[in-house]
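What follows is a set of structures for review.
In the two complexes below, subunit A is the common chain; its partner is subunit B in one and subunit C in the other.
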Partner chain A sequence: MIAFLAKRTVALVATVLLASFAVFLIPYATPGDPARKIIRSRVAGDAIDESAISSLTTELGLHDPLFVQFHRWLGRFLSGDMGLSYSSQTPVVEQVLPALGITLTLVVAALGVAVLVSLILGITSGLHEGRRTDRVITTVTQALIAIPEYWLAPMLVLIFAVKLTLLPSAGWVSGASLVLPVAVLAARPSSYFTSAVRSGMIEALDAEHVTAARSRGLSYPRTIMRHVIPNGLLPLATLLAVWFAGLLGGSVIVEVIFSIPGMGRLLYDAVLNNDIPVAQGSVVLVVALAVAITTMADLVHRTLNPLLGDNRA
Partner chain B sequence: MLKRPLATRAAVWVLVVIVAAVALAPWFGLRDPAEPNLGMRFSSPSPAFWLGTDHLGRDTLSRLLDGGRFSLSIAAVATVLTGLVGTAIGVLSARRGGWVDEFFTRTNDVLLALPEMVIALFIVAAAGPGTHSLLLALTVTGWTPFARLARTLTYEISGQGFLKAARVVGCSPQFIIFRHILPHLSGPLIGQATLRFGQLLISVGALSYLGLGVQPPQSDWGAMLAAAQPHAERAPLAILVPGLAIFIVALCVTLIGQRITELAGNRAITAPRTKEAHA
Partner chain C sequence: MPESLIIDNLHASGTTSASAPLPVLTGVSLSVQPGEFVALIGGSGSGKTITAMSAMQLLPPQLAVTSGSIRLGKLELTLATENQLNQMRGGRMGMLFQQPKRMFNPRMTIGAHLREPLRLHGKLRGHAAEAQVISLLAEVGLPDPAWCAKAYPHQLSGGMAQRAMTAVALAGQPDILIADEPTSALDKSLEGQILSLIDSQRRDRGLGVLYITHNIATVAAFADRIFVMKNGRIIESGPTAQVLSNPQSDETKHLLNASSLSASSTGHTSTNAPKVLTVDGASKAFRMGRGRKKAVLSNVSLSLHRGEILGILGQSGSGKSTLARSIVGLEELDSGHITHTSGGNGSESAAVGPKVQLVFQEPHDSFDPRMKLRTSLEAPLLRHTKITAADRRERVERVTNEVGLDSRLLDHRPGQCSGGQLQRMAIARALLLEPDVLICDEATSALDALSQRRILDLLLRLHKERGLSLMIISHDMAIIQHMCNRVAVIFEGQLVELAATDEFFKTPRHAHSQELVAVSAPLWPLPNIGYGQLPAPNVL
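And then the complex of A and B:
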């Protein structure tokens, strides 16, 4: 377990470092003078003349080798100094952190809804395997996978916001503005989770200890509650982590459609406006978060399944 | 149940009709999809405009068929690219083992943990929007399922008698890969490719919807949706139709892919293994 933990931590740090390096390279890899772009992210003010540029280039150490510059950039980044946004001229960190909170709310709410839906549908469907209830649930959830979010969202807006005027069509003001974005974001994971719970249930129902429990005289509902459902839910743990990362990305489109000032929208606007410092800050944060969650899920998964040998680490 | 052969057959026919309509659209004598007709804005469906018009008076039907050409072909190219790259990496990992395997497995884990859309945005940010960066982004993020599948299947058959025999007889590694391994992988990989096509079609639309993929004046289903959205209330068909097209194609392809995977699983993988068990 210790060896596994060590290996995972190294992998985590290496991934985040690699991603940060790639992100650090953006001003150098994109067209234009890298020094100018970096100075813009360090010094507020639009009009900087040539002499200021050359003195700032020396002052900021932009003649140093790339790795020295990376080391300095990373150090500043870790201490919370992510530079200034090109468009607003304010520190990136002040934009990124509130946005991250909003996106996390959105993602956690969507995952919660997806888990709830999949528990209800998956357990029902697993217990009625092959019967009509199961067929209907399976068909509907499979169809959900094929629905694009950027279509579902405007359609829901058209129905619930424009025609029925029940819910706000966009923005981030009250609890009601959460409903449609969360519904759209939860659709696809609900579908995957439901089929995972369903097959987990079917497998668990088949297990010998279930037959044993029944033959010992344990009632059917008790057997289900105690022996089938807990085992049937195991696959959900791993899926949750994968989808956490997936939804961090998936929230881009939902945030854009519903004008939610979260991380996805921030990153999207940064890309469109060529706001390099904001893009750098948000990519590194999202990547670090996604990798950390996945690593944690691996740990949980291993604690739940002690049978997994260390060779699979 | 969706997996029934009847549903699969229906899916094949629907797909054939859509692909044929999209491919043959230039010979249908439809209106120019890009031609605005400000006198005919927001028309309802009529004999002249079967699916009505959008906010610029453009014919929704011709835009749908024209946009489908981009959506379907880009998704198809992306499927082939990710399939080739992923299969090559998967087979190589399994055959070479050692650090090659370790490296690609790690990369795979990392990509699985990273949000696809964020990587795609990053690539588009670095390379600029357009079809090329769209394909690049989809390939970088999309090869992993193929690699995982190819690696597992290659491992599975690597222990079998006929591969040992081939090596003993003196076949070269290339010969073994192309004549013995790849034919065994083809069924499941084609199934996987079919399933992935549906997801890639949705991703292509997503990036185009965000304005990062196909650039105007060209338009695909995603871009069409994005253009129609501000006017959803007055021209609901212009937004309903392209999304429905993506949904139907993705659904059909998923049904077909599941069926292929089922059949391939029974023939290519299970059959040799049971034979082995009896021998």
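And then the complex of A and C:
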């Protein structure tokens, strides 16, 4: 277990380092001189002072080799200094952290809803495999997978905000403003989770040890609760981690549509405005979080499934 | 006071096709008295298991009892309420299954399984239950009960798992134990141990035993009465001695025949024949966590000659499967070499390659359940780009016919085939690459006696017709004696003896070999049965 943890931690750090290096390279990969781009973003109009560019180049150490620059950038980054936003001239940290909080709220809420929905629908459908209940649930959830967020979101806004005026159409003010974005964000994972829980249940029901449990005198409901549902839910743990990471980056559409000042929105704006420090800060943070969550899920999966923890690394 | 199980004129049929339900049991009648050992014998598909599951009232939804009665003492099980049945199952009638490891929930410890019946039937919880768990595990002869209680099913060997399952089945103090082929996946000495365990339980506390098996020889020494089933009917029954000495029906005679294998008819092969496979100083250890290592193979050296059948004999856990897997490259050796000498030019290659093929024990596990058999069989040929699709198809069908199967079976999926058919398919797949050497790792131990016999006959035919060199890995002395020219005995990862088969069975040299040969001596004086490899109960 300790060897596994060590291995995983090394992999985690390596992934984040690699990702941050890629992110660090963004300004160098895009055409043009970074110093010139910075000056241009700060100064209105076309008149650019060439001496300002050369002094900024020296100031930023842009003459140094790439790895020296990366080292410097990473050191600052780790101490919490992500630089200044080109557009607002405020520290990037002050923009990124609140945005991350909002996105996390959104993602956690959406996954919570998805898990709840999938437990109810997936278990019901798995226990009634092939019957009408199962067919209806499967058809509906499969259809939901095919509906894109950018269509679902306006439709829900049209119905609940415009026609029924029950919920706000956009913004981030009250609990009510959570409802529509969370619903849109939860739609797809709900469908995937439901079908995972369903097939997990069917497989778990099919296992021979279920018959053995009945032969010991366990009633049908107790057998389902003790031996089928816990085993059937194992695939959900893995899927949950994948989707957590996916939604962190994928919330951008929902955030833009509902004008929610979250991470996705921040990144979207940063890219449009060529605000490289903000883009760098948000991407590195999201990647680190996603990798950490995937690793955690692996650990959880290992404790849930004793078959994985043994003998062979 | 223990009660008896009486099944009277039981009929059962399928529930799926409403118009013409297929009868699966027709007028089955049998009884088990307290303290009685009753054997129910038949080939696969004869209705033995369905009879057992009817008694437990746990038939799958596509089957149902249509008429007849099943009484446990005064309780009529066909009319009992779900509550009464839940109390009966495990509390008054316990059950053992064929694959003990699959019968445990992989996510739960053995102790957690045992606590279920203790709580349901003995009203034991907490410390009292914990103490009972340990004492039950000790009672079934598990060496370290405290460790076992905390262990997960996959950490137990097959024999240990069946002991643990016996503890679970007996935890509720049942009157009747239904044992559905509990030992057919175990080796001979483990089988004897489990049978003696069940036997001592019936002597000590009057447990009635309904023991289901396809192998008459297994139960000959224990059973009071024998019932023989075929096509859902009881076709013969009576006291054991009478059925065995004077079998009436053809089916009983077939079953008797299949469970007796004659000693090798293949005789000696000249050890002057060129070597086709050489294992030199093979060693392998598995990591056990926390830096501990367990040696599974230590310095094993042996060779297989062209046209020879070499038996590798060993108990479960002796390292014989690791040897087989290492030869075909599924395991990497820590040290040692494996050399294959191919055909005409005598060139040697370190990588053994496709000329040595392996057939596994579990036919259902060696095929992808989602693929048609044709796809599975064609897969190894796809690497060879020179073979056209039509040629591939033709080769697959030819080899399917060669192993005695209809090529229409190729369009089925593994789930639709019997174990015997699938094992033939596995052999066919191995033959597709035109191997010189076929390694059979317990290739028949998951099969019933009749299918087992047919596979062995097929292997002997292929050996003769194709000049295949065979390596037969088995724990079954009878198979080794029947098939092999030479025997190699692996014990705790070491090669302890290598001798010609007849010599080996006459004068085994190593202590472990002597033990193996001793327990394979017939115990029950059966007419025409040379297969009574049962350890004497008092020895265990």
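As a convention for this text, the second predicted complex is superposed on the first by the 286 of 313 C-alpha atoms of A that agree within 3 Å, B and C clash if a C-alpha of one lies under 4 Å from a C-alpha of the other, contacts with A are read in each partner's own complex, and residues count from 1 in each chain.
As a working rule, contacts are C-beta pairs under 8 Å (C-beta built on N, C-alpha and C of every residue); 3 or more make two chains touch, one makes a residue touch a chain.
Just so we're clear, the structure is a prediction, and the values are computed from it rather than from any experiment.
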Contacts of A:T294 with subunit B and subunit C, given as first, second, both or neither: first
Touching partner for A:A207 - first (subunit B), second (subunit C), both, neither: second
First, second, both or neither for A:L218, with subunit B first and subunit C second: second
Which partner reaches more residues of subunit A (counting touched residues only), subunit B or subunit C: B
Partner chain in contact with A:H227 - subunit B first, subunit C second, else both or neither: second
First, second, both or neither for A:L304, with subunit B first and subunit C second: second
Partner chain(s) touched by A:P148 [first = subunit B, second = subunit C, both, neither]: first
First, second, both or neither for A:P261, with subunit B first and subunit C second: neither
Subunit A - residues contacting subunit B, complex: 11, 15, 18-19, 22-23, 26, 29-30, 135, 138-139, 142-143, 145-152, 154-155, 157-158, 162, 242, 245-250, 252-253, 256-257, 264, 267-268, 270-272, 274, 279, 283, 286-287, 290-291, 293-295
Residues of subunit C defined as touching subunit A within the complex: 56, 58, 82, 86-91, 94-95, 97, 99, 102-108, 113, 116-117, 120-121, 152, 154-155, 165, 168-169, 171-172, 286-289
Contact footprint of subunit A on subunit B as seen in their complex: 1-2, 106, 109-110, 112-119, 121-122, 124-126, 198, 202, 205-206, 209-212, 222, 225-226, 229, 232-233, 236, 239-240, 242-244, 246-247, 250-251, 254
Touch list for subunit A against partner subunit C, complex: 207-209, 211-220, 226-227, 230-231, 304-307, 310-313
